Amino acid sequence: MASPNHSLQSKDLITTGIFSTLFFIVTMVSGMFFAANPVLTFLMPIVVALFTGPVYLLMVAKVPKRGPTIILGIIMGLLMFVTGMFWLWSVAYVLLGIIAGEISAAGKFKSVKLNTLGFTIFSLNPITAYMMIWIDQQSFKEYLMSKGTQQAYLDSMFQAAQDWILPGMIAGTIVAALIGAFIGNKLLKKHFERAGVV
Amino acid sequence: MESILVARERSRQGLLRLDPRTKLSILFTSNIMVLLSPGLPYEILMAALILLLGLLCGVYRYSIKMTIVYFFLVAGQILGTLYFDDVLRVFLVTFVVFLRKIFPCAMLGGILIATTRVNEFMAAMHKLRMPRSIVIPLAVTLRYFPGVIEEWRHIRDSMNLRGLSTSFWGFLKSPIKTAEYVYVPMLFSAAKIADELSAAAVTRGIDNPKIRTCVQQLGFTAADGLCAGCFMVLLMSALWN
Amino acid sequence: MITIENVSFSYQDAEADGIQNVSLHMEKGECLLLCGRSGCGKSTLTRLINGLVPHFYSGTLAGSVRVAGMDITQVPMHVIGEKVGSVFQNPRSQFFNVDTDSEIVFGLENLAFPVDEIRRRFEQTTRDLKLEKILGRSIFKLSGGEKQKIAFASVYALSPDVYVLDEPSSNLDVHAIAELSELLKMLKHQGKTIVIAEHRLYYLKDIVDRIVYLEKGRIAGEYTGTDFLEMSSSTRASKGLRAMDLMGIQLPAVKAQPRTPVLEIRDVTLNYDKTIIMKDIQITASYGDIIGVIGKNGAGKSTFSQTLCGLHKEFSGFFLWNGSPMSPKQRLKLSYMVKQDVNYQLFAASVEEECSLGSNNPDEGKIEEVLKGMSLYEYRQRHPMSLSGGQKQRTAVAVSQLCNKKIIIFDEPTSGLDFGSMVEVSKLMEELAAAGKVIFVVTHDYELITKVCNRMICFADGKVKDNLVVGTETARRLQDFFTLSESKKIDE
């Protein structure tokens, strides 16, 4: 634009829309493989955090303003809601989008460290989806028991899940997001800055 | 995706044409229904209602395909509970239940996307007083989604020509490298399309601060009331339980 | 209608070359062609007229631009959009909607026209542009030509006084170009003012009133249509311009034909989604052949090339190499395709890395040799995406050389290239042919075929309609294909 402008222009909105689409698709493609496997399903947030890093960081680099992460959160939240995911997940997307935007804004969207931090926090969003399993635990247990599963077995199962799968998932997601952001930042430097795209 | 596109073309021949706002309300109702569901028969009823809606809206192929998948999921849940031992049951059945629960809504979402034009959607969002900064990116998302599949095909072909593996095993062998080969052309192309699409939209007045008009007249008809009503009744019956 | 006075502009992020001290005046109803080498500033000049400069592309601007009574720098884009319509190069990325109907009314809706008026204009547009056949379709099911027509319709519906077209023919086939030419004639008849920036000139022969030649961001010459047609082909070539009169191009005498048949395509039928695309394909080719493949959009050219290089697997029949049949996998190893949009084919962070990509022990010496041969050596450290279109193409070809591919397919290698780059591409093909490759060129570019191909294959009606040696004797058949009369015949 002719004068530096902090409000979102049509170009920014369209760019955000395009990258949000990619973000959604990468989330689906990388997440679905893991979600489609009962043993690995708890790894889903970790894998998604690993692969969405480059898309997120390029978007922030292309539109270094406050809006994009929030819009990304809203679009992701809406699409997840539309595809029938737990509603708390959608709320988490929007809230974390706002928080991530504020963190990046503190570094005027140029700070590699703050953008990485923003992305890491944003990546924690799917954890909320798994909360359904813990919240809905009682009815689920009853259901499985009515089909003949041993009470003792179930209890230890859910205990294990409660004790370390949840913290494990959070820790794993943070590490994966940091790696994803590291790769994303490297790609930005190696390709997009050199080619003059950002 | 192909099937959704075909559906989009045929959608204009469907018996039913709903206002996008009605579709959104149906989607919300369904999502709450899944949350409050009293049990499997209820959810099957809900899936049947969604299938009916899909057929009435003219989305034949997609609706039927999704229904078949749904059928297998239900069968998997029932058979899995009957025949697997404890460990497998917990893992597999948990998972199938999870998928099956979100499935009807995903199916509904697909049907709604297939039957809504971008401009109708934008007009409906404006009527719901959504700000431009949400409406435009969302509209772009609807527009760009099928395009990504086209792009992926180009990239996959190019990688194969270079002897770079695009198979799953190839990915496992060198995940970072493979991801880079996909990301680099994909992201460059996204950045380029964002620029060109913006330029084309700006020269055709997308910056106009006035509320845009829509050639498809939005408005509620008896059909809107009936469809929303059906879903509402089903929701109420869940609350009753 | 348009007055540009002493305008200089340079882009903020130097993504393209600006212009210096340009003055231009245009009357209402005039049709102006802007031409010159890639990067001469002709696109920038079109952006000045439709307001993208300075509203969309930022930079430093001096001088004044007035179009249809508006000071372009002061008026917001949506107001300019009502008076100045723009059509761009890439039909794929111009669409905001997913269906054709909504796209046609997109501009009208943005400018908040009343619904009745939108309906009226929609109907008039479909009538005037004869769009009945492509209404109500998904844009992903349209050919490039159809897409460009819808993009055009979307602007036409706004009924602007000025049309600005930036390389509108780049992605079109011969038939779509003929249609574009008709559309422009209609606009001219309606008294519209038209500005076109183009490399391909022949289809504008009877339309343009004035031609402005740009060089390094400055106006370096102005001609009338007749002046331009009389320009000798050597002067034209020295200015880097394409031919305006295709039929005036001299065909070379028949070249010596290579005679060591190595590739034989026998009884091949191509299918796509279980429908037959082409039947009974019989082609033999020798080392050193450069075979032009022509045909309408949808005639099966891309399915053919995809199958030949092993990417598309729905076919029956045989592809023989030195007499033994090759599986798709073997063909994939042996062949390479340089795509029209070469951007999807480059993966690495530098030209040099691109060359060694996927190989465990790259041969440094050979890479250097190949890069020097492609005149890319000095760019070896550059990021491939920062290169020009022609350089990107050469990088892709360099890769094919290093992978030791024998069959090389070029898909529309000259779309959007100026004369100089076209000559470079044809030289490149000749070198590859001399090095013993079998080359197929899928193209709509008559100049390129006459320049470089020794043979030509024409696809039509689901079969190989012609299989000719290119030369003076076959000139008629070749010309027929590229003239409008023939295109109408094929249409029927």
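Structural remarks
Going in written order, the chains are labelled A, B and C, and every chain counts its residues from 1.
Keep this in mind: a contact is a pair of C-beta atoms (placed from the backbone, for glycine too) under 8 Å apart; a residue touches a chain by one contact, two chains touch by 3 or more.
Here the structure is a predicted model, which means the values were calculated and not measured.
With centres defined by CA atoms alone, the chain at the far end from chain C is A. More C-beta pairs touch across one of A-B and A-C than the other; that pair is A-B. Averaging C-alpha coordinates per chain places the centre of chain B 35 Å away from that of chain C.
If you average the CA atoms of chain A and of chain B, the two centres end up 19 Å from each other. Rounded to a whole number, the gap between the C-alpha centres of chain A and chain C is 40 angstrom. Under the contact definition stated at the top, the residues of chain B that touch 2 or more other chains are 139-140, 143, 180, 184, 188, 193, 197-198, 201-202, 206-207.
Shown for chain C are the residues that touch two or more other chains, namely 55-56, 385. Of all residues in chain A, those that touch two or more other chains are 11, 191, 195, 197. By the touch rule above, chain B contacts chain A in their complex via residues 27, 30-31, 34-35, 81-82, 86, 89-95, 97-98, 101-106, 108-109, 112-113, 132-134, 136-141, 143-145, 148, 176, 179-180, 183-184, 186-188, 190-191, 193-195, 197-198, 201-202, 206-207.
Listing the residues of chain C that touch chain B in their complex gives 50-52, 55-56, 76-78, 80-82, 84-86, 88, 90, 92-99, 101-102, 105-115, 118-119, 122, 136-138, 140-141, 151, 154-155, 158, 306, 309, 311, 332-333, 335-337, 339, 341, 343-348, 357-358, 385, 399, 403. Touching chain C in their complex are the following residues of chain A: 1-2, 11, 190-191, 194-197.
Interface of chain A with chain B (complex): residues 8-11, 13-22, 24-25, 37-39, 41, 51, 54-55, 58, 62, 67, 71, 74-75, 78-79, 81-85, 87, 133, 140, 144, 147, 149-150, 153-154, 157, 183, 187, 191-192, 195, 197-198. Residues 5, 8-9, 12, 117-120, 139-140, 142-143, 146-147, 150-151, 154-155, 157-164, 180-181, 184-185, 188-189, 192-193, 196-215, 217 of chain B are the ones that touch chain C when the two sit in their complex.
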